[in-house]
Structures are given as C-alpha cells and as structure tokens.
C-alpha cells in the first residue's frame, strides 16, 4: 500500500512539474513575445502602476537573466504564491482574483460530481438486466452523456429561467445584494447555484448510469457470479457483489473523468455568467490577460491532482486488494 | 471462453470512461476474441450479427444521415454561412428552414456546415488519438520492461493533466486556426486511456500460443503486433475509435464554445457561442441555439448506442436471448 | 442408484440453429461411484456437467430427464432447481482460480452464501474448519481475500466449499487441467478421500486426461461428438475397450509424457462432425477404421457386458 501511494504521489508531482514547466516554456519561447506586447498595451492605459508587473516579467521571462535563472525564478515566485498581476482586473494579483472565483467553481463541481456518481451508479445498477427499466435508462443515459454540457445549460437557462422564470438566469447572486452572512444572501446564492448545478449533474449522471449498467452486466458474467449461481445463491446476493465490484472501475472512471467534468463546469459557468473559474477564463481570453490564464491553468491542474489523490485514497478503502499490496489498484 | 479475458479485464475495465469521452460509455472489457476462428469467418459472423442488431443499425442510420446532410446540403447554397442574407431574427420558414440569426444569417446553412466540421474533427481527432494510444499501448504491452515503465509514466502524466486547461494555454499562445489543427491538439491529449487498455490486452495476448509460434518462426516485433496481436483486438480497437470520435466531437464543441475554435470555420459549438453571446436566449431565438446542441447529441448519442450494439455483436455473452 | 440420466438432450440455441451438443445421453452413476468423463474437447463433456446443475441462458433442455436418489431433478426449471444446488448437486468449476469473489474475505463470502441458503454459518463452522485442516489449509484463510491464496490453495478452498453441505453428487469439470503435475495428484487424491469420508456420495470427474482419471475413477465414460461412446469400469476401458474410438484414444496414449487425450488422434484423418447439423448414423463413422454399411444407422448405447455399455455395431 505504501508503494501504491508512493507511486501515485510521484506521478502527481511529476505532472505538476511538467505543467509548471509547460506554463513557463510556452510563453517564453513564443515568437513576437506576446507577454511583452500585453504589458506594453497595459502600460499605455496604466503608465505609473506598471512597475511591479515589469519586474515580474523581467524576472521570469526577461532577457537580462540567463534562462535557467529565469526558470528558477519562476518556481520561486510560484512557491510564494505569486503568479503575476491580472491585466484585466489591474492591479489585482492573479492569485487573489483566482482565489475569489475558486469557491464558486468548487460549489458547482463537488456536489454535482458526488451526487451524480452516487445516483448514476444506483440507477445504472437497477437497470442492468431488467428489461423495462433498461429500455428507459439506457437511451436516456446515452442521450444525456452525449449532450454537450453547455447545451444542457442553455436549454435549462432558456426554459426554466427565461421562459418559466422559476430561477435567475445569470450571476452568482442577485445584483442588488452585497455578499454577507445573511439568509437573504444565502437564499440568493442557492437560487443562482441550482441551474448550473443541475446541468452538470444531468450530463454526468447519464454517464455513470450507463457505465454502471454495462459494468454490472460484465460482472454478472464473471466466474464468481457463475459459481455462486451454481451453488444456488439468490440473485440478490450476486447482484450485491456485482455492484460492489463494479464500483471499482467506476471509481477509476471518476478519476479519468475529472478533466471532462472540470471542462463541463467551465462552459456551464459561461452560460450562466456564474462567477467561477470558467467565466474568469473567458474574460481572460477576451482581454488577452495571459498571466490570469496561466494562473487559472495551474489552479485547475492542482485541483485535479488533489482530486485524483482523494480518489486513490477512497480506492484503497474500497478495494481490499490494494490494501494487501497484491495489485496496483486504480492505475 | 478465453481464460485470459478476466485478467485483461482487471486492468482494462477501469479505462471505461475516457479522458476525452464524456462518459464511461462502454466497458472496455471486451476480452480479445478467442483466436480459434479464422479471420474471414469471424468478420462474416460479426457482419451477420451487426446487421441484425437494432442498436448498430439504428445508430448507423442516424450517423450516416447526418454525414450525408453535412456533405451534401451546403452544396445547394450559393451564399456563405456567415453572410447576411435574410430578414433578422426570423423564425423557421419555408425559405430559411431553421430561421435566421439576429444578423439575418441562415441558421440551417450554419448548421449543416457545423455538421461538416463535427465529422471532420471527430474523424481526425479520434483517428489521431487512436493511432497514438494504440501505438503506445502495443509497444508498452509487447516490449515491456523499461520501455513499458517510461511509456506508462508518460501515459499517466497526460492522463491526469486536464486537457482543456492545457489547450487553453496552447491556444492562447500558439493559436488554433483550422479544424485539422484543432483535431491535432485534441488527439494529442485524448489517447491515454486507450494506451492503457491496449497495453493491458496486448500484455495478455503476447503470452498466447499463436504469438509464441510467430516469434519462434522469426517474425519481427512490429510484424507480430500488426499481424497477430492487432487483428485479435480489431473489434475492440474499432469500438475504441468510435468512443474517441465522440469524445473529440464533444471536446471540439467545448473549445469552440469558449471561443477557442478555428477561425473562419462554422461549427456547432461556435453557433452556440454566438447565440449566447448575442443574447439569443433572452430574445427567445430558440431556432438558433437548439439545433446545434441537438445535432451533437444526436450524432454522439447514435455513435454510443452503436457501440453498445457492437459490444453485443462481438461479445455473445452480452446478447440477450 | 444415485444418479440416473435418461435420454438427455441439451442443445445450444444459436442464430444458425441448434447445436446438438448433448444428444441423448443415458447412463447411471451408482452410490459411491467416481465416474471419469473423458473425450476430446468439444465432445460435450461440459454441456453434460452443466446440464446437471445449471443450464445457462443459451442452453435448452430438449428432451430427457434426470433422477437423483430416486427423485426427479428439475434441471429445466431454474427456480425449482435452486433448492437442489449446493445441497444435493454441487460443482467444482473449471475456473476455480477465479471462482471466489475477489473483494470479499473468504469466510465472509461463505457465511453470506450459507445464510442465503438458510444454513447457519456458526453451526457449520466447526465442520468447515475440520475440512480445512483435512486439505491442509490454515483456518486463517477464512480471513483472507482470494488474491492472498496461491492457485493450489484456491483450488482446495473451492473443493471444501463446494462439498460443505455433503451433496449427493459432485461434478468436477477439468479441475486439474490448470495445475502442475504434483498438485494434480494431490487434488485427485483429495477427491477420493472426500468420497471415502462420504462428504459426497458420487462424483463425475470431467477430464481430457485419461491417465489421471484412471487412477481415481471407478468407471470411465467416453463421449464423442455429443454422444456417449462407451462406459465401463476404469480398468476395462483402459485395458479392454470395445468402442473403436476408445481403442484409438487409449492406444494413442503413450506410456509417459503426453497425457492428453484431446490431441489430434494420431493417424486418423478428419475431425469430429460439426454439431449444428450432425450426420445421421454413427457420428464416428467418417473416421472409424471399422465402419461398415450398418453404421449409417445410429448404434444404440447398450450393455454388452456387465456394467459395460458401448454404442457401436461392431461391439455387439
């Protein structure tokens, strides 16, 4: 088990290292120095306040220090939490801008991932090898999982918010409110949160339901299931085992899906104007705010790596084989 | 059946959902088909069952119908998809089947052009991902040892890197100007789960008698992979490609929607981007934003359903009698 | 008479038609008898053994009946059959290595299985432990996951579990083919011991390794292409077989070395007929060196000597 975690952590650290390196490498070696151009543009509109940005730039991308020095400086700045200053929200530091947005994104992602995984697995397991339920769950699941996230979001925003007027269309909370610990504000938060959450939930739910349905069918054909049937075990017991065993690949599937889920959250936020990372990225793209984009990138990488690690831990808790050190587990 | 299948599944099954595939749509558990049947007979059998499988036939018809629409329909127009040709914001009519945008562009024309890009990006992106994934999987699984370790590491890194985030950075600096280059980027980030699954299956196949036999007869590694191992996984590889195709389509739609799509090309994701950007929701121009999403859902959904059908064709155990 | 099988026909449904994998088998297995079931692969051995415990979804009971200890065995009725499984008829599957649920501790799985069959685990546990001792397994294995056991240990574990409720009939399908030679011997001897201790009344030991089954079986039954060819006491089958197929099978067995009877029969051209539309008459006809005009009629499986049944016109 120790080996299992050591391996995992090594992979995650290496991935983080690769991501940081890419993040430094790509802008550094782009022809025409786009970052410098961005700074020049900004200094026109904010001539006096540009000094700290210049310094950061020279430190990590500038030409007056040797390459390896720039790279080390980049790491040094990064480890102090400095990712530069946002051009779009000048002069706010990138880290601050992102930290303001992250809670919104997490508030969408975490509940939708957990609930869709739970509900999808339950429903998928019920449907497997049960004719009429299967005939409804299967097409519905495939339709949902084939739906682009932003389209579900668009349809929900249009039908439930604009036409029916049941939910607000855009924003993280009502325009006329200031963030505070009041019931009114909380209520507004929930109302704005629900539709984006529902979009994410629905698409992901379809995928899990189908995945579980298919896995169970395989499990019911497995040798241990056949043996139990030969020994006259009731269907119920065999299905219970099959469900439990099918959860393992579903857990690995969850790890594999993290990237897609995050992407889904980003576009959903854009549709609903929800103030998370997705909308931030959109604004950064539109304002050519490179530092902000790069910061968002690193935050997403870190988030995904942490989530992967959490899944690894859960995997060990669920799969006895990883605990006894006999197999490699999820990867 | 094959004693080795379960062992292959242990590893292969978790790859069910792909990084690029929006769902664990098909358990990638299809054990290699027993090598006993000669190839021609197997192909004939598969075709026989495929043509009788409702899911395969139904899904296939939908996909082909959209393909035909995307290929043929644009030929009947003498104006471009972005030209302002009609009245502004008008609903579906005999002349403009899917109505017009707030600028008077023909939504149906945009839609069929979008279908075209959809198939192109699916084919190229899915194809490239399949190529990379299979190559890495075969080599890692067949050669083993240090090569396997290194490739495994690479696979795991690309696997956990969130592809969209990387693409955003790449696009910002490098720019994605055409559908093929978009497909290239998508392909480069979508292969890891394929490599993993193919590796596991190759691993189990390489110790089988017929592979030993080929090796004893002096066949080279490349030839063994191509002639002995790959054919025994062909059904599985084909299904993998279908999943990658669907994944690429959804991925491209996401990029296009964020505004990171190729320039000058109409796509279904870009249509949705435009519609949201120009307040089509608030203005109630449903004919503008409903068709593109429906189109993607129909194509990708049909592909997935086809895949379940194919799974039943290739794995008789899954067929319900 | 422990087991009586009467004109049993079980076919596989396929889109091309029925595969007649078991086409009219009539035989008996006496109390205390260990019957070896031999024949090259594809001859229907597994079909016969599965029929006696659980038909899978593609199998169809066409005709015939089975009696166990004088009571009819409802093999065509999955639900009714459940009452007999494990308690009256039990199975050691070919895939013993993967027969145990990988994510449950073995003891827990057994207790859940027994609970579901209305047997109290606590009551049977002493006996379970005695039998573990008998086959040389530590009692701690009950606290292990299957993956913590070696192949041979899993094999013994399954052996103990399958026979725990003292079934009247035990079917062992190719239990030894995945094991190395010394383990094979040990498993075979354990089977005999279980019979001698009356954990099971009678056994059908399916194998394509005649030389192994010869050492433990009281009788041997040979199948060919979905039909019974010959059944007789083990030494009669080996030393004085009457069916031409059995004779070739035995004579092709070398003294040492190759043990398998399912290798291509040396010197006889051809292969067994397909079972989708098998030809009428004796199914061995095309390859039989003794075939003559009469063989286009189907030879009945008749007793030619005491306890010696053969389906061949030449043997009567």
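Residue numbering begins at 1 within each chain, and the chains themselves are lettered A, B and C in the order written.
Here is the rule we use: contacts are C-beta pairs under 8 Å (C-beta built on N, C-alpha and C of every residue); 3 or more make two chains touch, one makes a residue touch a chain.
Here is each chain with its UniProt name: A, B = Peptide ABC transporter permease; C = Dipeptide/oligopeptide/nickel ABC transporter ATP-binding protein.
Computed from a prediction, not measured in an experiment: that's the story for all the values here.
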item	value
Greatest separation from chain C - chain, by CA centre	A
Chain pair showing more contacts of the two, A-C and B-C	A-C
Identity of the most central chain, Cα criterion	B
Whole-Å gap between the CA centroids of chain A and chain B	21
Intercentroid distance (Cα basis), chain C paired with chain A, Å	54
Gap in Å, rounded to a whole number, between the CA centres of chain C and chain B	47
Two or more partner chains touched - positions in chain A	222-223, 248, 327
Where chain B touches two or more other chains, by residue	6
Shared interface positions of chain C, touching two or more other chains	95, 98
Chain C - residues contacting chain A, complex	53-54, 81-87, 90-91, 93, 95, 98-105, 112-113, 116-117, 145, 147-148, 158, 161-162
Contacting residues of chain B [partner chain C, same complex]	3, 6, 48-49, 52, 321
Touching residues (chain side chain C, partner chain B) in the complex	13, 15, 57-58, 95, 98, 178
Chain A-touching residues of chain B, taken from the complex the two chains share	6, 9-10, 13-27, 29, 153, 156-157, 159-166, 168-170, 172-174, 193, 246, 250-251, 253-254, 257-260, 269, 272, 275-276, 281-282, 284, 286, 289-290, 292-294, 296-301, 303-305, 308, 311, 317-318, 320
Residues of chain A that touch chain C when the two form their complex	222-224, 226-234, 236-237, 241, 244-245, 248, 319-321, 324, 326-327
